[in-house]
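Next come two complexes built around subunit A: one with subunit B, the other with subunit C.
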Partner chain A sequence: MSRGARLLAVAGATAVAVALVAIYVADFLAANPTPLRAAPAPRGAQLTLQTVASYGHDPHPDWVSYLARDGSGKWHHTTIFKVPAHALVRVTVYQYDTATGLRNPFWSQVRGTVGNTMTVDGRTLHALPPDDASHTFAIPELGVSVPLKGVGDNAPNQCSVAPCTAAQAHTTVTFTFRTGNPGRFRWQCFVPCAASFVFGNGGPMQSIGWMDGYVQVV
Partner chain B sequence: MSDVAFEQHAPRPAAAPPWWRRLIGFNLLAASALGIGGWFLGHWVGTRITIGMDSQLGTDQNDIATFMGFLFAVSGWLIGLGFLNYPLGRMLGRPPSLREKEEEGPGRYFRLCTDHKVVGMQYFVTILLFFLIAGLNAMFIRAELLTPKEKLWNANQYLSLVGLHGTMMLMMMSAAILGPFANYFVPIMIGARRMAFPRLESLSFWLVPPAGLILLSAVALGGFPTGWTGYAPLANTARAGMDAYLFAFALIGLSMTIVGANMLATVLTMRAPGMTWTRLPIFVWGVICTSVLMVLAAPVLFATLSMVALDRTADTSFFLASAGGSPFLYTNLFWFFGHPEVYILALPGFGVVLEILPVFSRKPLWGYRLAVAGMLGVTLLSFMVWQHHLFVSGMNADLRPFYMLTTELISVPTGFIFLNGLGTLWRGRIRFTVPMLFAMAFFSNFLIGGLSGVFLSDVPSDVSTHGSYFVMAHFHYTIMGGLVFALFAATYYWLPKMTGLRFNETLAKIHFWGMFVFFNFTFAPLFVAGMLGMPRRVSVYSSSLQGINDFVSVSAFLLGLSMLVFLINLVYSTVFARVPAEANPWHSRGLEFQLPTPIPVRNFERTPVIESGPYEYGVPGAPPVAALGRPAVAGGGGSSP
Partner chain C sequence: MTSNLAPAAAPSGEPHIRRLIVIWVVLSAIGVALVVFALGPHMPPWTFSDEARDQRNINIMLAALATPVLLAVWMALVYSIVAFRQRGVAIVDGTPIHGGGRLEVAWIVVTTLIVVSLAVAGTAALFGTTKGAGGGQGPDPLAVPHGSLPPLQVQVIGQQWAWTFRYPAFGGVETTQIAIPAGRVIALHVTSLDVNHSFWAIRLGVKADAIPGSDNVAFVRPRRPGSFRIRCAELCGLWHGHMFTTGLVLTPAAFSSWIRRQVVANAAATRTLPPYSTHYFPEPLRRAG
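Here is the complex of A and B:
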């Protein structure tokens, strides 16, 4: 084999190796959903979410999940939210899943929000009966933890495919928390709610884009 | 199979078929096609099987389909390579033969080949490839640790990277020395023509590439959060990437068992006349001890991982406490394999460095029997120490002193190896060649690893350092500082014999010094980070530790750069420069260096008769190492200098 041919072969092999590494890294990076910016609001931002018992679409139609709504009212399957620093973030969660109850009643308290309160269908509460909770929205590093009330097991017109609509059975939870300096903060549902998985902790509970994600304070 | 049958099938002279015709048949191409097809078929079969199974449906994570996909893929891979041809042929009444498997030409590297030298080269390239991939993961880990907050990867991805790095290193490095160098040289060193079970030897290699690829597929399957240890019950709840870990590691366990059994059978039964136990090269003793560990420990790994797989697929509960199982059982079973695994990595390294030191000290190996006793002692004791990994697990406190003492005791036979090294170097005429530099670095690194290991074997100090970067620094000093330095010593020592080509020495020395300096710069500060409380497997750490971590990360990148120098040297020396190597460039008495380069397919013209030990350097009147039936090769070191 001539020297030129050998050079070409080595260059080709190097190019293939670089391409494979790029694919490998891209495969990792592609695992993250696209971040969604919270809609601007007076003194801060408005974040509108919904929780669904089953997403209803590929790749995991049976997984429980969160979704987020952008400023135009369109729902996105993401759990990475961008919110402004040193601002008030008002969160509205439309909760479509039924109650599974809390294994640890401590999580039934509302913590880290303005006034340590939330509203559930318009009523202001400091805590929820543990058996009524379906999920939680918790950002441990910011001290935020809010239990989300489930819809009744026998409620009519329950939602099975996301995004759910206002006409379907749901509870509406609102709360406000204050952000500090910029940073990336993990949030997580603390109710082991992954149906059919051992201990309820598998699948969606350990996957960003489903029951956990990030609040990016920018 | 008898040699008589072997002789009946001499190579056939035949015109070479056109290149496209050579692509058709049982080779890597067919194996890849059948492997990919097997994945889809297996996944489909698995999906059909699970219809009506509540444990799999409703989770959108069909572990049975994933496992079936892997199983069919590996089966297709092996069928494509032709592993069924021989047993089917025998069932149809065809005579035993190795004829079609021992051949010349580059095509033999891409198919089932029963020439142990080909298997050695196949292993070398594959291990190197996966070593570089695992190293790349290490670079990604250190890039994340440049800042104390999550930056580049999220926590799940970081854990997956740590798991992939650790598992791939441990999986692939188990065969890092045995695969390339023991397969290639052990038969030659004992005067044999081949391994005892050549097809199994080839099988042990061809299980490695699919294992590596399946492990990498974990990235596409959601990763796995357990690190290389795969602890239950986290493994029971993890995403489908865990299936990839379980299947890949089990395949390697199978491969390790085959390698160990084959090596033992070869050394026990195929030694040439005169190759007494006390004339056995010390590297072969290292291989024997490693093989014993592989045969006894790797099946435990295979069984343990199979139990986790059953927990995930068949609703068993071996390791689920809520259903009567025991996660503690998993930790015990895993470390019953896991600690001998540490010595599966270390013992071949002992063998390599003790093989190299006499050559470049021009002195006999000091304390040959002591070295053998040391290796056997390590082998025996390595099965009695595993619970030191569980000191803080809530184990029976009364057992802790026993495991503390056995762990500390293992430093005694390990110390023998250091005595052998020092005794051999003492008043030697030392030549600081590149293999010798790596061999000497092995001792300094392993000493630090060993001394820090004493802290970890001690219950009170282990309680405060467990799970910290102190542990991480310790095992990198033993595994990377030990095994990987020995691997490069072996590479620079034996690769010229394997390829017939010389390395560029300047680049090799740059590689050595870069690797030695930046290895220590990378891992020594991590002892401090560990003592200051930095935990393993967490990408978020105290901002006060950022200075240390930045220093370590930059050092790690430079360490990675030194590996790149090695790669450049390898490509430059074998593809462009192609300077022929002498048959015995080091003037070694090793039997392998008495043969011409390239070594003939059948190794020896006739069975050699061993006449003296391999380390009688500078011994007046020492006879040549063996009677080969023809003169020793030019420049050969058949007699002492």
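Here is the complex of A and C:
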């Protein structure tokens, strides 16, 4: 092979390798869902979420997921939320999934919210029986951790396609947390609520946009 | 092997070996002094705990031993480039060397002595000073440190993706932060609830695997109050990179009030916890899935 041909081959192979890396990085960056801004509310913001046992659409119809509602009442498949800094963020979660139970009952206690409490269907609680948890909403770096009560296994009219509606079986969980300085904080669910590897820590538990995301304090 | 090239004219009469030895001794003396006294105090994992200090001392010893070897190699290279450089246009081989039995015996004996004494020193340190080198000794530790008080048990629980800590001596309370008293031997019982994690607190000199179903015991005696960074050192999923936190070493009095506050603050969770156990996996079986 001539020197020119060899140079061309090396340059070509390098270009292909660089292109593959670029595509991988671009795909990784684009994989994150679009952030949703929490609706303004007195002294802060209101974040309205729902959880559904199975999303019901592509790319993973059978994956468990969170969704978020914008100011106009439309539901979006995202787990990246923008909330104001140094403000009170009131969170309402419509919980449509049944209970899975906590792997570590430690997370049954409400932590890091105003008063270290939540309300479940209007009742104020400090903790939940660990087996009743369907998911948790936890922002570890802010110390926020709230277990979410599942609907009964035999509840009528259960939801299996997002977005779920008020007429379908659900529990309503509310809590408020205070934000500090701006920053990006990851949040996650601590219930092994998905499928596959070791009792349910695979798939949606490992994917931003489903059971994990970011709270962007801006 | 013979060369079909004309042997280079060896610079004759020059005392290369004696010169090399003199340079090597001088450089080694300077190098070892620099390693021990200038670099040594800054070597990780520093001196925050007994174990960290002993590991650092071993790092200093290894670096000090390696320095003369490294200098010998570099010096031989540089000296050869300068003294035995082929000048002029002809590129020819040097004179072939045959035999050299005394030299061979010498380097085999010296390297064997170095390696064997390092093995002896390392093994002695594992049992004597570093007490398992902070790596975790599994459920039945062989090297147990002795203190005036029995070791304080602290369970380290890895889970996707957080560390929690359990104190069996204080009602089995579980916390999201770890605090330990200065001056007392701590027995860290490291385990996991799901996949493998690794509890790495470099300033404590501890890096112990967190394995589900296993009780990995690592000892540490922090020497003074302060804080230490904890990271997960085993790729464990989506938020592996976020699995860090800060631990505290407190005075015994401050630790007493800290743990009392934790018992109160986590009372609701403690009531729901399973009894303290050295490991929790694979229970609870009926959950999840």
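Everything below uses one rule, namely that the second predicted complex is superposed on the first by the 190 of 218 C-alpha atoms of A that agree within 3 Å, B and C clash if a C-alpha of one lies under 4 Å from a C-alpha of the other, contacts with A are read in each partner's own complex, and residues count from 1 in each chain.
Criterion: contacts are C-beta pairs under 8 Å (C-beta built on N, C-alpha and C of every residue); 3 or more make two chains touch, one makes a residue touch a chain.
Keep in mind that what you see is a predicted model, and the values were worked out from it rather than measured.
Of the two partner chains placed around the shared chain by superposition, neither subunit B nor subunit C is touched by A:Gly56. Of the two partner chains placed around the shared chain by superposition, subunit B is the only one that A:Phe28 touches, whereas subunit C remains out of contact. By the touch criterion defined above, A:Arg186 reaches both subunit B and subunit C.
Of the two partner chains placed around the shared chain by superposition, subunit B and subunit C are both touched by A:Ser207. Contacts of A:Gly143 after superposition: subunit C is touched, whereas subunit B is not reached. By the touch criterion defined above, A:Arg103 reaches subunit C but does not reach subunit B. By the touch criterion defined above, A:Pro129 reaches subunit C but does not reach subunit B. With the contact threshold set out at the top, residues 186, 195, 197-199, 201, 206-208 of subunit A are in contact with subunit B in one structure and with subunit C in the other. Within the complex, the subunit A residues that touch subunit B are 3, 6-7, 9-10, 21, 24-25, 27-28, 31-32, 59-63, 183-184, 186, 194-199, 201-203, 206-208, 214. Interface of subunit C with subunit A (complex): residues 157, 159-162, 164, 174, 176, 193-195, 212, 237-239, 242, 266, 268-269, 272-274, 282, 284, 286-289.
Touching subunit C in their complex are the following residues of subunit A: 100-109, 111, 126-127, 129-131, 140-141, 143, 186, 188, 190-193, 195, 197-201, 205-208, 212. Chain contact summary for the complex, subunit B toward subunit A: residues 54-55, 57-61, 136, 140, 149-150, 153-157, 160-161, 216, 219-220, 222-223, 225, 233, 236-239, 320, 322, 571, 575-576.
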